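The two complexes that follow have subunit A in common; it is paired with subunit B in the first and with subunit C in the second.
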Partner chain A sequence: MPSIFNLIWSKEIREGLYTWKGLVWLVIASILFSFTSYLLLTNKELSLLDQAELLWLLSKIILVVALLIVTIDASMVIATEFEKETAESLFLAPLSIRDFILGKFLASFTLWLALFIVAVPYMLATSAGSHLAPAFLGYVLLLGSLGVIGFIFFIFALSLLYRSSKSTLTTSLMLLLAFTAPALFSSTLKTATVATTISKINPIDNIFSSLDNVLVDFQTTLSQNWQFLFPLIVFCLVTFVFLSFSISVFRRQGIIRNE
Partner chain B sequence: MIEAIIADRLTKHYGATMAVDTLQLHVRQGEFFGFLGPNGAGKTTTIRMLTGVVNPDEGNILINNFSIKDKSNIARTIGVLPESRGFYDWLTGAEYLDFFARLYGITERDSVAVLLERVGLTAQRKKKISAYSRGMRQRLGLARALINKPSILFLDEPTLGLDPRGQQDVQNLLRSLNQDGMTIFYSSHLLNEVSELCSRIAILDKGKIVAEGTLNELRQQADRQAGTLTDIFLTLTHA
Partner chain C sequence: MKYLCATVIVLSVSAGVFLPHATNAGSTPPLELTILSSRTLSGTAGEYVTVEGQVKNTGQVTLNDITTYLSLVDQENKLPVDLEDWSAEKGLHFDTIAPGQSLSLIWKIHFIKAGSYSLIIVATAAGSEVPQVSPITHFQVAIKHNLNPGNILPVAFGTPFGVAFLLSLLGYKRRKEVEA
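After this line comes the complex of A and B, so read on.
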C-alpha cells in the first residue's frame, strides 16, 4: 500500500499538470529568467557589470521570483480544500493531518525544485567561463530550499488557521514583502543597531548576504557561510513550531469549525 | 441487539446558539434509521459529530464500539455522504473513486468499476467531474461513501438533486445494502421517502430529539391515531 502522503503529493502534482496551473508558473518563471539573463548579459558585454555581480543579481532575481511563485501556490493548496468543500470527504478517509500536510509540503517543494531546474540553463549560461558555476548552482539550491521550507511552513500554518486562500495569500505576501524590501536596501542604510539586528534575523537578507559572500567574495565553504545559514535554519525551526501549533489548533477545532 | 451508533448527551454550541442539546441516540446494527428535523434543527451538526468531522463540546460517541476519537478505525467502519459535496472537478469519475480507494488502501482494480456500475455512472466514468450534472455528482458522492465497504452509512440528503428515476435507483440501492446488513443513518427532508425506507425514525427539533421510534410509535407520541409522517412531523416540531 502506498504511503498516504504520497497519494496527496501525487494528487497535487496531477492537479498542477491537469489544470495547467503548475506549467503556467514554470512558463512565467522561464520568461522572467530569459528576460533578466538577456539584460544582464548585455550589460556584461558592455562592461557595465562584472560577472560576479551579474551572478549575484541573477541569483537574487531567481530566488525572489521562486519564493513569490511558491508563496502564491502554497497559499492555495491547503485553503482551497476548505473553500471547495473537499476537506470533509478527504478527512473522512483514514488520512491524518500529518500525512495531509506532508503531501502538500512535498507538492509545494516540488514546485520549487521545478523552478530551480528551469533556472539551471540560465545560471549555466551566465556563469560560463568562470569557476563559480558549481558554487552558484549549489548555493542557490541550498539557500532557496531553506527559504522555501520556512515560507511553506509559515503559509501552511496560516492556511490551517484562516482556512481562506485570500487571507493566507495576503498575509504571506505581506511577510515576503516585509522581508524582501529591507534586504534590497544598500548596506549603508543598515548601519543603525536596529537595522543591523533586523538584517541579521531577516531570512531573505541572510540569503542575499550569503550569495554575496559566495559569488562576490568567493567564500564558498559552508563554514564560511554558517553565520548566514544558521539564522535560516532558525527561521525554518520557528515556522515549524508555528505550523505544529496550527495543527494542534486544527485538531481541537475539528475539520469543520464553529460557524 | 448490538448497537451500531451510541451518542450520549451530545452537545454542541455555535457561539450563543445551542445547535445540539444533550442528544441521546441509539441505532442498532442493521437498522435503516431515519433522522428528521426542520431546517436549523441540528441534523447536519449531529451527523458531523457522529462522523468525527465536528468535535462535540460535551458527550460521548461510540461507533461499532469504537470511540469517535479512534479516527483510523472509525474511518474504516463508516461511509459518509456529507452535506458539503466538494469534488476534484479536474478528475474523471473513475479517477476520483480510484484516488479515494487508494486512500483507504483498496487495491482491487475492479472495485471502482463495480461501484460505478452500482450507482449507474459506468457510461460517464471517463468524463471530467466538471461536466457532471448535480444528480451525477450525487451518485458519485454515494459511490465514494461506499468505497470502503462500510458497515454504517451516513447519508445527508442523498436524493437531493436527483430526478424521480434517480431517486428510485438510489432508494433501491440503499434497500439492497440494508438487506445485506448495512446500518443506514438517513437524513432527508423527503418525508415520504423516509417513511418508505426507514424502520425507525428520530425527529429533531431545536437540537433535541422530540420523538423516536417506528412510524406507529411516532403516531402515539404525536397523539394521532392515523396520519402520514408529514402530519406527525408538523405536530411534533410545531413547524
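After this line comes the complex of A and C, so read on.
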C-alpha cells in the first residue's frame, strides 16, 4: 500500500505532468536551451569563447531557469490548497502535515529533475571533446539540487505562514532576484568587505562560484569545492529550521485560521 | 613708449621660448614603419592572422619612449573599430631605439566580423607631437557559414520536438485513462 506522501506526490505529478498546459514550460525551457547552446557554440567557433566558459554560462542558465520554475511551482503548490479550500478535506483524511509537506516537496523537486533530464542532451553536446562532461553533469545536478531544496523549504515555510499564493510568489521571486542579482556582478564589483561577506553566504553566488571552480579552474573534487558546498548545506539547514517553525505555527493555528 | 618697449620685449622673449617647441610639435619622429607581412590579408571570421612590421630609427639621435599601436577602420561603415576582441596586445612600447636600429613588431589579429578593413601601425615618440604611420594593410574577412556549430543542430532541434512528443503521449495516455 503506498504511503500517504506518495499519493500526494503522484496526485501533483498527474496534475502537472499529464496535461499539455502543465508542462508547456518544459518545451519552452528546451527551446531556450537550444537557442543558448547554438549561440554559445557559434561564438566558440568564432574563437570568442572557450569551451570552459561556454559550459559555465550554460550551467548558469540551466540553474537559473530551474530555480525560477521551482520557485513558481513551490509558491503555488501548498498555498492553492488553502485558497481553493481543499486543505480542509485533505486534513480530514488521516494525513499528517509531515506527509503533506513531503509529498508536495517531492512534486516540486521532480520538476527540477525533469528540467535536468531535458538539459542533459545540451550538456553532453556542448561538453563533447572535453574531459569536463562528467563533472559538468554531476555538479549541475548536485548544486542545483542543493539550491532547489533550500528554496523549496523556504517557500513552503512562507506558504504555511501566508496561505496565499500571490504573497508567497511575490516574496519568493523577490528573494530569488535578491540572491541572483549580486551573483551576476563581476568579481571586481565584489571586492568590498560587505560584498565579499554577502557573496560568501549567498547560495546562488556559491553555486556560480563552484561551477566556475569546476568548469573554468578544473577543481573538480568535492573537497576542492567544499568552501562553496558548505554554505549551500547551511542554507538548506536554515531553511529547514524555518520550515519546521512554520509547521509548528501551522499546527498551533489549525487549518482554519482565525484572522 | 615705455609700454611699447615692454610689449616688444615680452613678444621677443615669448618667440624665443616658444618657437623651438612650436617647430618640434609639427614634426614627425624620424621613424620608418615598414609592413613585412602581406599588404592584403584575407580569412574567415574566427581565424587568426599575423601582422608583422618593423620600426626603424632613421634619425641621428636615440629616440625615447616609442609606442607603436594599431588603428583599424571598417571600410564599409567608415568607422574606427574597437580592437578589444581583435587583438590581445593593443600596443608595443620601447624605451629607446638607437640611430639606425630596427625592431620587429608582431601582432596576432583575430578576425571577428566579416567585412573590409584597413589597418595601420602608428608610432609616437617622446618630444614629437605628430605620429608616424605605416602603409595600409587591407583585411578581407569573409563570413563564417556553419549552420551546425559543434554538431548542436540535432540536439537543438531534436530535444524540443522530443519533449513535445513525450508530452503529447502523456496527454494521450491521460485522456485514455479519463475515458476508461
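Simple rule for what comes next: the second predicted complex is superposed on the first by the 253 of 259 C-alpha atoms of A that agree within 3 Å, B and C clash if a C-alpha of one lies under 4 Å from a C-alpha of the other, contacts with A are read in each partner's own complex, and residues count from 1 in each chain.
To be clear about the criterion, a residue touches a chain if its C-beta (ideal position, glycine included) is under 8 Å from a C-beta of that chain, and two chains touch if they have at least 3 such contacts.
Bear in mind that the values here come from a model prediction, so they are computed numbers and not experimental data.
In the superposed pair of complexes, A:Leu26 makes contact with subunit C only, with no contact to subunit B.
Shared-chain residue A:Phe91: touches subunit B; no touch with subunit C.
In the superposed model, A:Lys11 makes contact with subunit B only, not with subunit C. When the shared chain is aligned, subunit B comes close enough to touch A:Gly254, but subunit C does not.
By the touch criterion stated above, A:Leu41 is placed in contact with subunit C alone, subunit B being left untouched.
In the superposition on chain A, A:Ala125 makes contact with subunit C only, not with subunit B. The interface of subunit A with subunit B overlaps its interface with subunit C at residues 18-19.
Put simply, subunit B touches subunit A in their complex at residues 13-15, 48, 51-55, 71-72, 75-76, 78, 80, 82, 84-88, 90-91, 99-100, 102-105, 107, 141, 144, 148.
Those residues of subunit C lying in contact with subunit A across their complex are 45-46, 48, 85, 110, 112, 144, 146, 149-153, 155-160, 163-164, 167-168, 170-171, 173-174. Considering their complex, residues 14, 17-20, 23-24, 26-27, 30-31, 33-35, 37-38, 41-42, 44-48, 118, 121-122, 124-126, 128 of subunit A touch subunit C. Partner subunit B is touched in their complex by these residues of subunit A: 1-2, 4, 7, 11, 15, 18-19, 84-96, 252-259.
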